Amino acid sequence: MSAAATHHDQAHDHADEHGHAHVPTYLETLRANRLGLWLFCISEVFLFVALIVVRFALWGNTRPELDQALGLATTSVLLISSYFMVRAEVAIAHGDRDKFLNSLLVTFVLGVLFLVGVVGFEWGLFGITFGDHELLKPTDGAFGAVFFGMTGIHALHVVSGLFLILMVYINGRRGGYSTERHWGVEACAIYWHYVDVVWVFFYPILYLIGTPVH
Amino acid sequence: MRQLRILFSLGIVWALIGQAAGAAAGLFLVRAIRAAANLPPSAEAELVIAAMFSVFGSLLFSGVLTDWLKWCVGIETPLRHGDPDGLPAWTRYFSVDYNHKVIGIQYGVTSIIVLLVGGILAIIFRLELSWPGEQFLTPESYNTIFSAHGIIMIASILLGVGAMVNYLVPMMIGASDMAFPRLNAFSYWIAIPSAILIMAGMVIGDGWETGWVGYPPLSTIDGSPLGTQLFILGFYFNGFSSIAGAINLLVTVMIMRAKGMSLWRMPIFVWAAIATSLIQFTATQTVGAAQLMVTTQRVLKLGFFDPTFSNGLGWPAGDPILYQHLFWFYSHPVVYVFVLPGLGIISELLPVYSRKPLFGYKWVALSSLGIALVGFLVWAHHMFTSGMADVLRIPFMLATLLVAIPTGVKFFSWVGTIWGGKVTFETPMLFVLGAISVFLIGGLTGPILGTIPTDLHLHDSYWVVGHFHATMFGGFVFPFFAAIYYWYPKITGHMYNERLGKIHFWLMTPGFWLMSLGQMQVGIWGMRRRIYDYDPALGIEFTHALITLSALIIGWSVLIMIYNLITSSRTERVAAINPWGSRSPEWQVPSPLPEFNYYRPFEVVGEPYDYGVPGSVYVRDVPAAGD
Amino acid sequence: MNYKRHLVIASALVVPVTVIAYFLIAISYKLPFQGSAEAVKIDVMMQAHFVLIAFLFSLVAVLMLYGLVVFRRREGDDGDGDHIHGNTTLEILWTVVPLILVIGFGIWGVNLLNELTDAEAKPNQLLVHVQGQRWSWNFSYPELGVNAPANERAMVREVDDPNDSNNIDLILPVNRPIVLEMVSIDVLHSFWVPEFRVKQDLVPGQTTYLRFTPTAVGNYKLGCAEICGGRHAYMMATVRVVSEACFDQLVVQQLPLAEADASCQYEAMPNYPDSAK
Amino acid sequence: MEEKKSQAYQLIFTIFLVLAFLTLVEYLVSQYLDSMILLLLIAFLKAGLIVNYFMHVYRLWREESH
């Protein structure tokens, strides 16, 4: 029996041995976790801003020719996934367990679709083609570097977000979350929305701003 | 048999095994995939994936991820604490442990070991530089060694900062531990494989030659040694440690302060730790981005920093100066990560040995934040001669000079603290005073580098080398040693050997002065930085010999300290509860502290440095009645 | 405790210590020979910095040491010091005074920098093209359509490996404004002649400029000041500042050194005592 | 309770519609106006909506949880 796991009132015996073991309540842990996650988000802002700065430094007011339909499609897919994520969170907070799980599943599928859009079509990684636009190559100077760098870093976050969703889904099926205690869902949701917010900036910055160079 | 069992219970052993296994797995994976895809073998790609896998393998095998992995599959794990079952108590210092004091000591010891490695490298190339001409190194190995010295010392300093922050902050604010003990352990255990990657870079693939800055195109050009890649990845993974540690610290200070401890009643060191963490958890990301870009440029040919690209369509090419901006946006503020905790230690210890309140507490606290904030606006002063846009030089020059103001506030506050006190000169105080003197040299030689016209001569010269060694020693090394001596009785319960401590001081301080002033002298006479050999016509041979001699003296003095620290913990000299007469909470209870720091929670009822007010106390136990 | 008296004594001590400190700096940190017009201007600022360093060093060091001696704990006294928390007036004072100093130096620096980098074409100026590569320098004179001549005399270069370094000299006419137009073909390099006091990196993919006016005839050494790989230390060249007449013979007419006027032969390096022989 | 619940669903759906609309506007702006400032403004607006309504940033400075 460890002192950390014992209830506060019963911790007196252990106090002599280990000192004052403050056992944080769920709400206290929640507060710390929330703060920590948000600080992590702020920290990551500097990574993404660095990438954006690189984009503006190297591209200036130009951009490569990219498939606009594909860009709008991936953006929409990610936005819809974000909606289903928040729907899942609202559902668990109000005890709708089925709705929670279904929404989570939809989020996951949409996230995978986004990856297919970016990594599959836009990168042409699996040789799948979309429309007839010419694909940008990673070695195409600053255009290739920045585009693949930014979408790559973002895709990495999407992949890790998908892992989180999968984890939450599995735990959710086992009944790991309740109306009162679902920090895991909240954390996963914050992360997923965060990935979406990043794309909210990346989309115009990569696809819309500047004059295309042929 | 038992010894073997104990050996294989140690996390550090498993971390090393895991790193080797991960590296091997990564290597063979890339080889197999490339063979299957009919691609020619690529040493670079193998190395990168092997390095990444090795870090992950090290973390996995050491056991620092175990709790989290269990959480992933829905298993709740109580926080493990206390001495390990069936194993000697010392083994917890070599394994994954979640107690902030254990982690602090792990950081500290690792820091000193890494410091020794960096110091030995310094002495090797100092011997090479003692005389003009080629001594015993080749230019390539010289380049590798001085580059490694730089980055290894930085790793050491980051570990040392981690040690001070981890050990001291929860103790000072009355928390039982950090907010996220597992994350805390993670921060430490990822620093180990990344340090190993950096050191491996020296031996694998002919080292590297870029200095610790790793400027492209030198770091990305065809034929640059493979070691560069390991150095960059080691640097990159070390960043995880900084970011995680800083977030942890900020949350801890935000929500785990003792009752009554308002911001203006925190020990001054905590302010420094906050300022440090604010820098660490933000700026580190940009250098991480820069290192990733260099890696992708090397492996995948993404031309972020490659100016030679042209496809005839007017598409933009990369820009090598862009790297310098990203790099210094982190690497300048990180200098303040190194020195702010040290300056915090100075401000923390001076009142104790002067028996007088810290002069201008609020000003000192705000000056830490001021330095941290201004530190974000001055990065391009490392690039005054780089060829960046002229319009940028002037604002960065003015911002750079502004750093002098909060730094000046600190100096004058320290003098103000001493005046009117009753000063004693134990070893920690000597190191504090040494720190002030050395940091003074470092600080005063800064503005001449800040005004561009004078910088045009001194840039990339040995003046710069002297200047930053003085700031690093004055801002980190001396205060770190002061902190070690000061809290040694708290950590071990034993008193260090005062005589040896004083010998250490009286060897190291003049030695350092000589070294730093000598470096500045040869710099102003025309000695360039990072050169393997120099022109005897400059007339700098004698000074160079002196610099080498003083480097040796500093090296020996540090060995004396290590001897002192090791032997003193085995003596019978049990330290008094409060040998320094400090008001700080940790000195009001017997040493060493219990597992969760305090037997009962305390509340803050006074000012931290109210020396000279009879009967006033800083903290007292929370009355048991309400509990 | 009579602080006022102590403060007066300590402040009085600061003055002589400043003088001594400046004297020590002046003799141990003697700047190299002033080989360019820019060096003269920059050195004024350098000296101002040295005065400031001497003064601030003395100020902090004297107050500190004086305090440590006067306010040391006496035998048998185990009380605390005076209860002084701080002094807002003093804090403001030592925030504002440095601020003014800093602004002063800032304005000076801006003006001087603008002067040094003034891109306006000066009469009689000479454009020199500098190309850096690992690990050698190449110079040409685009306006004259010639390259810098190879160095025929072995220079005093004990540390230099003749196999690795080029032996092309940069020959410059004295007292003419020089504009260096610099490119690098591989990695970063940096052009530094300590006697000229100015420095500029060479960046692949772009052209950088450096402007100065050499004012003394003699031989100087140019070194690469930005780490550029294996033989970075040996990426040196000789800069020979010669009279206008010699420049004409050696560069414009491309005469071999042996056939040029005797006065164009070997020139001592102004501040390298042993190179005169 | 039930009412609160449907309100919550309604709110997030409304926000989603606004976001979708803004995305469309963004696309149209780039095609017809090509204004970098406007595009960035819309991006910030979208981000603000997500941070506030989807990520519940205000929970950070709320004392009690849930």
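For clarity, chains are labelled A, B, C and D in written order, and residue numbers in each chain start from 1.
Following the convention adopted for this analysis, a residue touches a chain if its C-beta (ideal position, glycine included) is under 8 Å from a C-beta of that chain, and two chains touch if they have at least 3 such contacts.
What you see is a predicted model, and the numbers here were worked out from it, not measured in a lab.
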Discussion item. Farthest chain from subunit C, going by mean C-alpha coordinates, please.
Written reply: D
Practice prompt. Have a look and report which chain pair racks up the highest count of C-beta pairs in contact.
Written response: B-C
Worksheet, complete the sentence: Cα centroid separation, subunit A vs subunit C, in Å, comes to 51
Worksheet item: Just how far, in Å, is the C-alpha centre of subunit D from the one of subunit B?
Response: 41
Worksheet item: Taking each chain's centre as its mean C-alpha position, how far apart are subunit C and subunit D in Å?
Response: 56
Response to the item:
Separation of the C-alpha centres, subunit B versus subunit C, in whole Å, is 31
Worksheet entry | subunit C, residues touching no fewer than two other chains | none
Discussion item. Residues touching two or more other chains, restricted to subunit B: which are they?
Written reply: 317-319
Item to complete: Can you tell me which residues of subunit D touch two or more of the remaining chains?
Response: none
Item to complete: Please name which positions on subunit C make contact with subunit B in the complex.
Response: 1, 3, 6, 28-32, 41-42, 45-46, 49, 52-53, 56-57, 60-61, 63-64, 67-68, 71-74, 77, 79-87, 90-91, 94-95, 98-99, 102, 105-106, 108-110, 112-113, 116-117, 156, 158-159, 186-188, 190, 192, 194, 197-206, 208, 221, 223-234, 236, 269, 272-275
Worksheet item: Can you list the residues on subunit B that touch subunit C in the complex?
Response: 132-133, 139-140, 143, 209-211, 215, 217-218, 221, 224, 307-308, 317-321, 354-357, 359-363, 385-387, 390, 393-394, 397-398, 401-402, 404-405, 408-409, 411-416, 418-425, 433, 436-437, 440-441, 444-445, 447-448, 451-454, 456-457, 459-461, 517, 520-521, 524-526, 528-539, 610-613
Discussion item. Considering only the defined contacts, which subunit A positions touch subunit B in the complex?
Written reply: 2-5, 15-22, 28, 31-32, 35-36, 39-40, 42-47, 49-51, 53-54, 57-60, 62, 64, 138-146, 148-149, 152-153, 167, 170-171, 174, 176, 213-214
Worksheet item: Which subunit D residues qualify as touching subunit A in the complex?
Response: 1, 4-5, 8-9, 12-13, 16, 19-20, 23, 26-27, 29-31, 34, 36, 39-40, 42-43, 46-47, 50-51, 53-57, 59-60, 64-66
Practice prompt. Within their complex, state which residues of subunit A touch subunit D.
Written response: 27, 30-31, 34-35, 38, 61, 68, 72, 75-76, 79-80, 82-83, 85-87, 90, 93-94, 96, 180, 186, 189-190, 193-194, 196-197, 200-201, 203-205, 207-211
